[in-house]
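In the two complexes that follow, subunit A is the common piece, with subunit B as its partner first and subunit C second.
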Partner chain A sequence: MSHEHKPALDGVEIKMGYRSLGDHLAPGDANAPGGQAVPGLADRFETRTVQPTAGDAPPWDANTKFTTVGTDVDRVDGLAKATGRAKYSYDMTFPGLLHAMVLRSKVAKGKLTGLELEEAKSMPGIAAVIALKDLGAKVRFVGDGLAAVAGQNLNLVRDAIEKIRAQLEVEEHNVDYVVADNAPALSATGEVEDDWPENAEITTALAEAAVTHNATYRVEVQTHSSLETHGGVAKWTGNDLDIWLSTQATFGCRGELARALQGKGIDAGSVTLHAEFVGGGFGSKLTAGVEGLAVCLLAHAAKAPVKLMLDRFEEHTTTGNRPGALMQARAGVDAKGKIIAWDWRSFGHCGFSGNGGSVAVPNYYTADAKVRRDHKDLAADTDPPRPMRAPGHPQGWFGAELFLDELAAKAGIDPLEFRLQNDREMIRQDQWRFAAHKFGWAAGRARQNEPGARFVMGVGLSSARWGQLGNPGRPPHGITCRIHQDGTVESRSGAQDIGVGTKTVMAMLTAEELGIEPRLVKATTGHTSDPSGPASGGSTLTPSIAPAVRHAALLAKQQLVELVAKHLGVPTADVVCKGGKIGAGQGQLAWEQACKLIGPNPIDVRGQRFANYDGKPFHGSQCGVQMAEVKIDTWTGLVQVTRMFGIQDCGLVIAKKLAESQVLGAMIQGVSYALHEQRIMDKRSGRMLNGDFLRYKITGSQDLPQLECHLHSIANGHDSVGAAGLGEPPSVASAAAIANAVFHALGAPVRHLPMTPDKVHRALAARKG
Partner chain B sequence: MTVPPDRGVSRRSFLKGSAVAGIATTGITAAAHATAPSKPASFGPGEHEIVLLVNGKERKVKVETRTTLLDAVRDGLDLTGAKKICDRGACGGCTMLLDGETITSCLTLAMDAVGHELQTVESLSDGDKVHPLVQNFVHCDAMQCGFCTPGMVMSSLACLQKRGKPTDAQMRHDLSGNLCRCGTYGRVMEAIQRTAVGGGK
Partner chain C sequence: MKPFTYVVPQSLAEACEASQKPNTLLKGAGIDLIDRMKERLQTPEQIVNLLPLKDELAGVAVEANGELRIGALTTLTQLEQHQALAAPAFDGLRLATGMTATPQVRNRATVAGNILQFTRCWYVRSEAFHCLHGGRGPTCLAMTGENRYHSVLGWSDCVRVHPSNLAPPLLALDAEYSTRLGDKVRRRKFSELFPADPRAQNPEHTLEAGEIVTAIHVPAQPAGTRSAYCESREKLTFDWATTACAVRLVLAGGVITAANLVLGAVAPVPLPREKASALLVGQKPSAALFAKVAEMAYAGASPLAHNDYKLTIGKAIVRQALDEAVR
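Take a look at the complex of A and B:
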């Protein structure tokens, strides 16, 4: 890393933005530099003066030359994972470890009136049996936890669970939000039939429109399906509790459990949570849940370490989901194809909790339109939603982007042209053009399906947006950085790495700041004995901790520089760390030599996350565009996604290979959401019918499209690093792009996800009329 | 218990395949192992001690008749690479090789593995020495959360041993029993291909 900032009168001048996307087109390509440029692509730079907090690292910007950041470094814990050595919470074991299970309600709604635990307690090999609900407590859904058992092995525990007798006063239940009391009326074909509430502005705008459209969209409940289920291992040492929990919020869950134990009158001396490896979360693991507390209580009661991991059915039915939704839009465009009216309402499936079913919609197409948006959550007697990779967005973008394509078709405008005409965000304007070229949009649209052909093809597109620049935390997030005498470096965060590559990012940022190779840095995450950090939620983790990692490395470097300056007899200000060397001019020490100046105690500092810079960053959100091609068998109704291209604003790309993995993975999850996934409930029993991986289908290797992504690196100028998280941003567009491709291929929209063969056939039948 | 007559893999080809990395599954083979007393005379309620031939070593483990191979290996032998993800043979997270063929160890009873050669993901590394396939999983970043990865590695190993240089369609087929929620299939296939052409050594 090397970059001299121009001193500004009041702060530091930085260059924000990005080089023309045209520079990323392949050499030899007609649109490569020197060739015929894609019209409209250009350099997008701005300069601005920012004021870093005193003592923070100076900002990186578009002029910074990196040595490590942005390169293809191997995932630092990749070997641990690929050899099977990585120990997830589920893998933790201790001498005398007991295993545990939860007894769950088979009834969707009622009241617990009796719970007989004595026989279970007397079963062979059983060490502890606890109630999870008081008598008289409400039972809210099939799967609600009633009691928990710990014993020598799961076979014996299962035997004991069967001996617990729970009496319930059963009430009538409803697991389908679409028929909830306050649900809108639906037509036989599923269109929302309720009148639109009166709004004079919207009515006038619609009346003035050259073309209008009105349609209803629907998405089904998707479960997170993390491969490591929720749960963990609890171990008490006297009053001190250590818990290994499969979580994406180490500090949040630690606090939740400590408070809950206190509430139960259990005096915990210390509570330390560990989550070094986490087998997926996707939003479902922000809370410790019933199972998290149960394992602590069982271990306390049994006076032995206990492991409690949910089984697959429990994972599907008790740990949240991406809610289903009904969405209806009506809108109008003027004669030039400009959207002038946009009326939207949605209804979310929120389970028993009564909230969390919200739907988000793009707002950048309708800047000049009369706009109304309304949402209502509808309750049902099921497990409530939890955030899932861009909460509300894949649902809303599917509805809105498919609606836009239908509207464009009515108006006789190409979908891409329609987006270019209405999208007010400059970054995405560039991305649309770039993606269209890389994907071959024009050729894909021009291809005609033979009349009567069995296989038809089509292409579709969608935008994406997510707005998250990280936050300092309150109190601020911290990072420990240590430099040892032997030249090794530690970067430590108590936050978790759920597979996005947090440890790799920490090692790379530290190495960049110290001017050394990343292999010298050991990054550690997931123990709440280390400095606090945020949850992996809303793509906040990376942008929130990256500047703290740099700050910690900077503080450590400053101490080492002082030692080196003293040793060499040069002014501190002249000493530079670069290329594995530290020194000034001719006087240079190799990193290992320099570190020998450190005593037996390491340099040990704590950096912190400062607030984002005041004023406007280059862009307040992350833009993206995805395009998809599908091939549909009109005989079987099976949709196959053959090809996808995505361009994603990633802020500063740090670990390139890992960032690509995350973007491509989001696209695959989008295929799954678009085509396969659906929680199917039995109305009578209130139970999920496909709560396994045999009948709950997620995308597998046979469904894999040809995938390509472009990481759009943008110097955003919001803090000293300018990183972005990639959990949410690439998850927004995929299903919508696929739905639009299906619309193009069939000539009729499938307005209901997942787009299973039955729905494809219905769309074909409707087209024939 | 009899060995299924046609598993499509001879002992010779299995050993040859296992030694790809120069990490031989040395030691006892099923033929030699068969003479060792390994099964109790009768099965009843409660636990019995059996001997499993795991990664070339005889390992004693106590199991009930209903104990799965996966539970026996994870809880009894502390080999925790294989994961219980779906517990129904639908996800491949528990994939091991039995006489060179992939099995879902969550659907295999521990007692049924007696007398057979079992290979787990742990056989592909020994300290700093790792199988090229494992090296290529890291190089190609064929993982995110990593929970499905050990199963993916074992299915990929079987694919390579069976196919040599597998085609795209063959890889898709051979990985179709393994689910990955993070979406790493493409990169797993890159890792297989890179191994097939001698990368990662």
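Take a look at the complex of A and C:
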């Protein structure tokens, strides 16, 4: 790493942006180097003067030369996870540990009028029974928690659960938002039939359009399906509570539980939350939930440690979901193919809460159009939605991008040309061209399916956007960095790593700053006794903590440099840490030797996250493009995705391998969303029918395409590191690109996800019909 | 899981004796049974684990008369990889075995266990629902509920489908099965293993309480025998069939001289389609013939509210199976 910044009059001059994407084409490729043969690709750099907060690490920018950052480093906790040494909440155990379960409502709507717990309390091996609802409280969905029991083993607990008498005043329920009282009227084929509200501007623009289109789209409920279910293990020591919780928001949940316990009149001297390893969250683990509080209360009542982890049915039915949606668009283009009118309305499938169903749609195609967007959340008597990887986006992008392809087809324009013509974002303009070249868009589009052939192929594309970079936090996020005399280094955050690679990122950033190998750095996450950090939400964790990791390493380095300078008798300003050595000129100490100067007490510092740089970063939102190729068996209706390519703008790439894993994982989840996953409800009982991993279908290895991604590294001038998160951005485009490929292959759109064989056959029948 | 007595027999005779006790269930690999017990869908007082009898009851052998003897406890992997199944006559059986579940399941699951599977109906398999199956309620809830994976043929008061991949090809091959009940040893036609009247009150198979399947027998196939098995699914990895078809044809001089066509996953039992089979006999293979046979295979179908797609796809699968058998 080296800094070549010229100090400007009132700040530091940085170079933002990226080298031409043409430079990333393979050697030997006709287009490399320089991107000359892919017209339009070019270097995109800007310089800007930024004012880092005093004491913060100097900015990294497009000129920075890295040693570790951007390379492939194996997941630092990979071996521990693969061998079972990593202990998840699910694995925690203590002498005398009790096990617990929740009694759940079997009716979807009603009022709790009686709850008899006495018999359960008196049963053998039962240590605690608590009510989770007061008498008279509403019961809102099948699975709503009524009571919880802790006992010696799950068999005895289940016996006790069966002896609890819950009386309910049952009311009529509806679990299908499409027939909710305030739902729009639908035709027999599922098109929204309500009149569009009057709007003169839109009406005029549509009337002026050369080509218009109007269609309805629909997506089903997807559940998060984290491999580790929700729940935790609670252990009181006197008034002090330790809780191991499977969560993606350690500090948020710690606070939530502390407040809730206080509300129950329980005075906790301290609440310490642990989530060192977490088996996925995808947005569903931002709250401690009913089970999180219940396990604390049960442990308090039983005066013993208690474990309460949900089973798979509970996980599917009580911990949130990506909501279903009904979406309708009408739009028009002028004679040149420019979008001049865009009218959109959507209806979100909410649970009993009646919110959380929102749908997002791209706004960068319609800069010059008359635009209207409307959304209404519709309630149903089910478990409410929770955020899931880019809330609202995969739904809306599916509807909007498929609509755009249908509109382009009507106007006789190639989908890629149509995007290039209407997309106002420069970064994505480059990405469209690059992806088209890498994927072989033109050839894929030109391929003709034999008339009457059983198997047909097609290609499709979609854009992506996500609009969040990191935040300093209030109070600012912190990181502990320690350097020990044996040369090992610790980097500690109280925030969590839910499997995305946060620990690896921390180790790599620390190693980069100290000029050592990442293997010397032990990164630890998830204990609220360590400095605070954000939730894993909105793709903000990495960009929020990365500058703090650097700052902590910088402070620790400064202390070590002083020791070394004194030892060598050189000025501190001359001492450099690089390549595992510390020193000035000829006077160099190996890292391990230098650390011996530290003595028995380690260097122990706390770094912090400073404010983002003032002014506009190079890109305030992340752009992406994905392309997909499908092969469809027109006899059986089975869609197979054969190839996918994604390019994802991701700020500074830190841990390359894990960043790619995030992008490829999102594409896989997108295949699953497009083709397989859906919650199926029994309308009469209000109960989910496929609340398991047998009938809730998730893409498996044989269903996967050949996957490739390109990480589009951009110096964004946002803070001292310039990282971007990758939870959300690569999750937006996949299903839309696959749907467009299906449209291309069949010559008829499948407007309802998942695109199961029955729907493919209906689309084929409609095309013929 | 409720506590139960676990019997580890040392011999088939011991297993037979133990299985006479009321409220006893026999366990092969336990792939599905353990899940049902965890959920308390089944709460036996005693489990007889048959796996210790693998020496006696596992393995594939070719008898002197050319007949294939498949031990009840043979794993699906053992069956699929046995050299006797390399003959084209057994293509269907081999393919059906190889596409079942996952490699992990196939390494453990037994042939008899696959054939004697409990229904996968999502109403029957949830203690929250009280449906006709097993006498838990007054009506079949799937018939008027969510039935996309249910029957389109041969159902009366219960629309569950039979989930076994192995049953259709074994029926097509005119297999037989041997059982032991106490001291009684019996050998019957494979079709007798499934209820002739697959109503809700009748279980998935016709075995008596305590009766143990010991082997499956596949007769030697005449020269010119070809077979195939195809199924439609919603995904390729670890899914159950939405429709399936097993066929066995005997070809002589380019003419089909014998045919057995059996449908799976579309009825409460694996369903031989005699009329469709009869259309094939005496004919030369052709696309037109196969299309006609496919129509006949689904003649008389009564799809439910959410599964008429099975007819379109099921007919395509019949055509594909016939195509593959004569390829």
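The criterion applied here is as follows: the second predicted complex is superposed on the first by the 766 of 769 C-alpha atoms of A that agree within 3 Å, B and C clash if a C-alpha of one lies under 4 Å from a C-alpha of the other, contacts with A are read in each partner's own complex, and residues count from 1 in each chain.
By definition in this document, a contact is a pair of C-beta atoms (placed from the backbone, for glycine too) under 8 Å apart; a residue touches a chain by one contact, two chains touch by 3 or more.
The shown structure was predicted, so the numbers you read here are calculated from the model rather than taken from an experiment.
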Which of subunit B and subunit C A:Thr756 touches, first, second, both or neither: second
Partner chain(s) touched by A:Gln702 [first = subunit B, second = subunit C, both, neither]: both
First (subunit B), second (subunit C), both or neither touched by A:Ala611: neither
Partner chain(s) touched by A:Leu694 [first = subunit B, second = subunit C, both, neither]: both
Contacts of A:Leu135 with subunit B and subunit C, given as first, second, both or neither: neither
Partner chain in contact with A:Val170 - subunit B first, subunit C second, else both or neither: neither
Subunit B versus subunit C as contact partner of A:Gln640, first or second or both or neither: second
Which of subunit B and subunit C A:Ala367 touches, first, second, both or neither: neither
Touched partner set for A:Asn155, first subunit B, second subunit C, both or neither: both
Dominant contact partner of subunit A by residue count, subunit C or subunit B: B
Interface residues of subunit A shared between complexes with subunit B and subunit C: 155, 694, 699-702
Complex contact set, residues of subunit A against subunit B: 74-75, 77-88, 90-91, 93, 99, 153-155, 225-229, 277-280, 282, 311-312, 498-501, 657-658, 660-662, 664-669, 692-694, 698-702, 704, 707
Residues on subunit C engaged by subunit A in the complex (per definition of touch): 1-3, 40, 120, 122-123, 126, 128-129, 141, 145-146, 148-149, 232-240, 242, 309, 312-313, 316-317, 319-320
Contact footprint of subunit C on subunit A as seen in their complex: 106, 155, 158, 635-638, 640, 675-676, 680-685, 687, 689-690, 694-695, 697, 699-703, 756-758, 761-762
Subunit B - residues contacting subunit A, complex: 64, 66-67, 71, 74-75, 78-88, 90-91, 93, 120-122, 124-125, 130, 134, 137-139, 141-150, 153, 171-173, 175-176, 178-189
